[in-house]
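Paired with subunit B in one complex and with subunit C in the other, subunit A is shared by the two complexes that follow.
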Partner chain A sequence: MGKPTPSRGSKRVIETQVVVVGGGPAGLSAGLILDRGHISVLLIDENSELGGQYYRQRGALSSSSIDNFRPKGTHLVESVKKSKISVLTSTYIFAVSDHEKTLYAFDESTNEVVSILYDFVVVSTGSQELVLPYSGWETIKCMTPGMVSRLFDIDLIEPKQSVVLGGSGPFLLSVASHLLKRGVTVKAIVEYHHPYRIKFISLLTFFFPSRLIEYLSYRKILWENNVSIHSGYQIACAEPQSSGIKSVFQPLNQKSQLSFTSDFLAISYGFSPTIELAALLDIDLNQSNHSRSPDVRLSGKTSKDWVYVAGESAGIQGWRSAKIRGEVAALSIIDSLGTLSLKNQILRFGKTISLMYESLFSKIRIYTFREKEPFRFVPSDSTIVCRCENVTYAEVKKYLNEDWSSASEIKAETRVGMGTCQGKQCGYALNRLCTSPHLEPSNKFTNIRAPIRPLPISALLQLAEDPD
Partner chain B sequence: MTFVNKTCQIVINGDFFDVLESSSLMAVLVNNGIFNLKANGVSGQKRFGICGMGTCFECEVTLKNVGVRRACLLKTEPGMVVETGMTDG
Partner chain C sequence: MNAIVDVAVVGAGIVGAATAYELSKKGMTVVIFEKGAINRAGSGATAGNLHIQAVHKKRPGQKVALDQVRFLPLQLAASKLWDTVEDDLETDVEMRRIGGITVAETAEDAIEIQSKRKEEEKLGIPGEILTLGQLREFEPLLGNSIVLAEYCPLDGYVNPLKITPAWLRAAVRNGVEVFPFTEVIAISPASKCWKLTTKSGSWLAKNVVFAPGPWTTHLMAQIGLDIKMNSVAIQMHLTERTKPQMRFLIQHIGQGLSVKQVDAGQILIGGGWPAKHLDLEASSPISLDSVVGNMTLATRVLPFLGELRLLRAWTGALGATADEMPIIGPISGYKGIFLAGGTYSFTFAPLWARVLTQLITEQPLAVDIEGLKPDRLINKLSGVRGFGG
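Entry: the complex of A and B
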């Protein structure tokens, strides 16, 4: 860029001691603790309303007879709104400064770029559902269980419809029972593994009575509604028909295939942490063959003193853990500022103990659902791998080579992962296509670069006006 | 949660709708049978969101005088003019 232009009117600069990115259970509870500690907090969320996915707020309702969804979340959101915390909704981070503690955000409600100068950042960006492409998954009304749950539970769409749930994980049971409570017909739950067979590890859940009760309550609702769980099947294809979506599930052993017709089809294979911002902030990541997560200590600390990660973005453990992680990270920040009172030290100790208890449960879950094992991914030629760029498996196959084909190479050759969502939906599929045994784990993922969200040209122009 | 039980008028694809202010735009679209939210930029195929949380960008709609926005993140506002089924270029 040439000389800086004098007009910088539209760019906002916000200075804060702590910026919390993500207004879900972790971000909300972190913000409240910091605020009580008299620390200035800016809480940012991409949504137009705070709450994240778990505490998503229903918005205005046509019928006042329906209770608010998860009232504890509503209470948390209200507490944040009453506090001194500055809240920026409809705003997302797209870049970070390499040399200063600055985040660049885009405010969708005002079309402005916002520069945020901070001392500490709490990354509480949550998680996203893992999807594996199957033939026909681009069909309208094929989605993730998270979305189907949102449509019926939050958006309160007409419940006299039917849903088939598939993929893997305990989330399928939770979604199914919520749907049934709203009067939705759940035709079946099709689970990839066999997690519901009683085995030795199942006995350990007796140490987690609240989870056991939760699980049994799901099973009771499923049983009352005659919903069967089919284990050991994977979705093969979905096909739109006049009566709904026909879904075909392939058995993983010698059984015969299953087929259903429903209004909605929802498939996902559990969750993975949203790591884009953590990666941009250049903190150390843990890399295995099929997943990446930030390297986070129990305190929320990372490889950089000023970056804390809390909630599901620190690792998948559920909302209880997310909330505690938010609180612990906030207390650790107060501690590093040298102002942690004795009362708060005791609080942090207690929270850390409950966090360890939660981690133990998530270990049992990982073992029960065999989450460490990669799911089979055998796409048909016509399967769309990258939805945004509409790239089929037949096109990708031409560039797959046993000896090379890193994620970046496949991306460059085929445009998989280059579309609007920037590889967020097809990232897991791309990772699974890199089957070469010669590849380092790091080569099975693409590099994360700014902007991590697509930006309007006007935003780039505002940035260009910045003399720095 | 503040319940603004106030109706407002919005326009979707040229039709007028009386909706509750601050309700989910996604709910309004789906309850009116509008699932064709975005046309794929490459194939033109009709698409509907799959994630419901802002990551898939398949529910992008055009708001007049505002720009392209993800329907799943929006709430209804008086005078909102929504166009669906457009390509993202």
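Entry: the complex of A and C
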């Protein structure tokens, strides 16, 4: 394969056979497989440390209070550091060249633009927590479970404080259990659906003993700490009071309301793939429930020969799957270079089988948590729907009933989705809210265009300079 | 079949919206059809500048230079109409006549500025040449590469996301019916009027105003006309919000550049740089080359921009003609058919609305449209014929 020619070059140019974007379970394992196959790899991650959401580093206090609870992650990161893989942290991709075979990254630690010339790219950009606005969610102590967990991990929040977890998904159990081990009081878990009722499909989990053990261990910790799971409720509002955040949950059927007071309130509705880079590379995307995910085959291949997507950015399946998907994508790249040894062919076969097994579990999870059904979501008039620009639902609603309403008009009149996050946080909710019979059916609140992250204009100018 | 209307407007961009409103004020029955969402192509995506001093002749990548001097009387007439728009609509569309500075970086550019100023003076367009010393005081943000500049107090901008919906809302109050997501799929002559067919029914109209921007060629083909357009998607760039620091709209005489700080505090940087390619079905993709080209020029003229972060870029399709001039007027041999659009339609929108209304109501025209009529760009195809021609 011929080396691509950059349409423009920065002072710093890196040529590599494969660039892996995202250093979580998928990216780390993909990098290691490729490195073992004697392929040059550049691994870049926007955080200052490798590991991604799942394996990321913890603060000193946190590390001393609990043993290394994810030794596999530490091992993966160490292996990458020892390998020949080039690693760039604190670096994010902001654009692709007009011919797509050059990626442009911004290194925040040096303020430099890096041009990356590559043959293959592995997009392993992970996922983000899905949030839906509720009254009071802009309050500082209302956040996502991932964020609360992270703040405790890096010692920014003291233990002995209390949290209420809400929303939907198995992640709530995992976070609760993690926080309880750290000495945090979990006042309740409030789940939108009824996933923990025993039903016929629950029997299938016996085919996944590791998952069953994981689930039972969570339940054991919750039981030991007297944490109850309330099912069939949705957050209605949060209100800061002198004693903490008062949260009110609305029942989805005829039960009465639930109310708690805690130091923190953490709400999320599962995860959605982080697809900005995949979209920028212009691969085919699947569209469902007002959100998009890349169209990815089991091998990690996409509609473009040189673009592979692995891990959570290929669809939410959890870290086990992410790791295997990274490995399979790497083996597929080695295969397309024509250098897949017999041993690796067997390895790929085995990995593909385990991937199918993991996918089956995620199907059970999707069914159990009824993830295909969109969450009912009715904000009150005073609910802030766009936090960057401080826009309430009442303001948006005014423009929903005009015959010619369009996303751009709603944006123009209210400034929703036009702030710093550019719809990354609120876009899903806005796409959901702004549906009227007349309104343009599309993802107009989550347009993805370069630059996918804001960056200094002075940095862009580095691309105008002569590379010599 | 619906009742016969006086005018059917095709295209709910800025020209279509302004025209529908202007016609409704004369008591005409008007319907307006839009194939997609209103204000979607260039009208909503433009930087929203009101260009009253003579403009630069070529945006980046433009092959044919426009006739700058032919523009001037049109710009002055449009400027006067813009003066009353907000009062007339009784709404704030963020119109800010902040005044514009056009800069020159070379001796050649400086000569161009001096000669265009002479043409402006002939028409009584206010303005003044700023020498280097004056310029430093006038706008200290400007960089060292500038050798001469011209200031015109009439230049400014309007929020492009607000003006078209505002005109449509006013039109609706006057009884105009707006049909978004309603593509006109056929146009044929009927008895002394035109029949417009859409998926949700047919309409009869005594007059049809086409203001379809980049879709002009496609729509004209429906009545058997081949019109030479040079449509292109151009790119806009926006910084993060910053403290109020820019007072004027800054432009360049020789290269594609317009910079201003908008109400929200962000700085909008444009200048007609091309998108990666024109895509009429979806949003045209961003060209990184254009981002870099536009930013390089912008930071040379206004060095402080380098310290800001680029938040967002977007594109919009521009319905430019083959000769880069506006297009306005009736089509010979097709009684009751009118076309409006071409370059600088944002600035000219209220003027084209006025002229189209005068044409339809058979009143004297506000400006001379000689040389701007559609006929110059049209080849008649065989087949469909108009009536009364």
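Definition applied: the second predicted complex is superposed on the first by the 412 of 468 C-alpha atoms of A that agree within 3 Å, B and C clash if a C-alpha of one lies under 4 Å from a C-alpha of the other, contacts with A are read in each partner's own complex, and residues count from 1 in each chain.
Keep this in mind: contacts are C-beta pairs under 8 Å (C-beta built on N, C-alpha and C of every residue); 3 or more make two chains touch, one makes a residue touch a chain.
Predicted, not measured: the structure shown is a model, and the values here were computed from it.
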Using the superposition on chain A described above, determine whether A:352 touches subunit B (first), subunit C (second), both, or neither. neither
I'd like to know which partner A:158 touches here: subunit B for first, subunit C for second, both or neither. first
Quick check on the superposed pair: does A:287 touch subunit B, subunit C, both, or neither? Answer first, second, both or neither. neither
Using the touch definition from the top, say if A:83 reaches subunit B (first), subunit C (second), both or neither. neither
Please work out whether A:425 is in contact with subunit B alone, subunit C alone, both, or neither, and reply first, second, both or neither. first
Please name the chain, subunit B or subunit C, that touches the greater number of residues in subunit A. B
When the two structures are overlaid on chain A, which partner does A:456 contact: first (subunit B), second (subunit C), both, or neither? both
Which of the two partners, first being subunit B and second being subunit C, lies in contact with A:464: first, second, both, or neither? second
Contacts for A:250 in the overlay, against subunit B (first) and subunit C (second): which applies, first, second, both or neither? neither
Shared contact residues on subunit A, subunit B side and subunit C side combined as an intersection? 420, 454, 456
Across the complex, what residues on subunit C touch subunit A? 12, 34, 36-40, 44, 159, 161-162, 165, 168-169, 178, 180-181, 239-240, 264, 276, 283, 285-289, 291-293, 295-296, 298-299, 305-314
Where on subunit A is subunit B touching in the complex? 46-49, 53, 57-62, 64, 68, 74, 77-78, 90, 108, 111, 128-129, 131, 137-138, 140-144, 146-151, 154-158, 274, 387-390, 419-421, 424-425, 454, 456
How about subunit B: which of its residues touch subunit A in the complex? 1, 3-6, 20-24, 26-27, 30-31, 35-36, 40-43, 45-58, 60, 66-69, 72-76, 88
Within their complex, subunit A touches subunit C through residues 7-8, 95-98, 104, 282, 402-404, 406-409, 411-413, 415, 418, 420, 422, 438, 440, 447, 449-451, 454-458, 460-461, 463-464
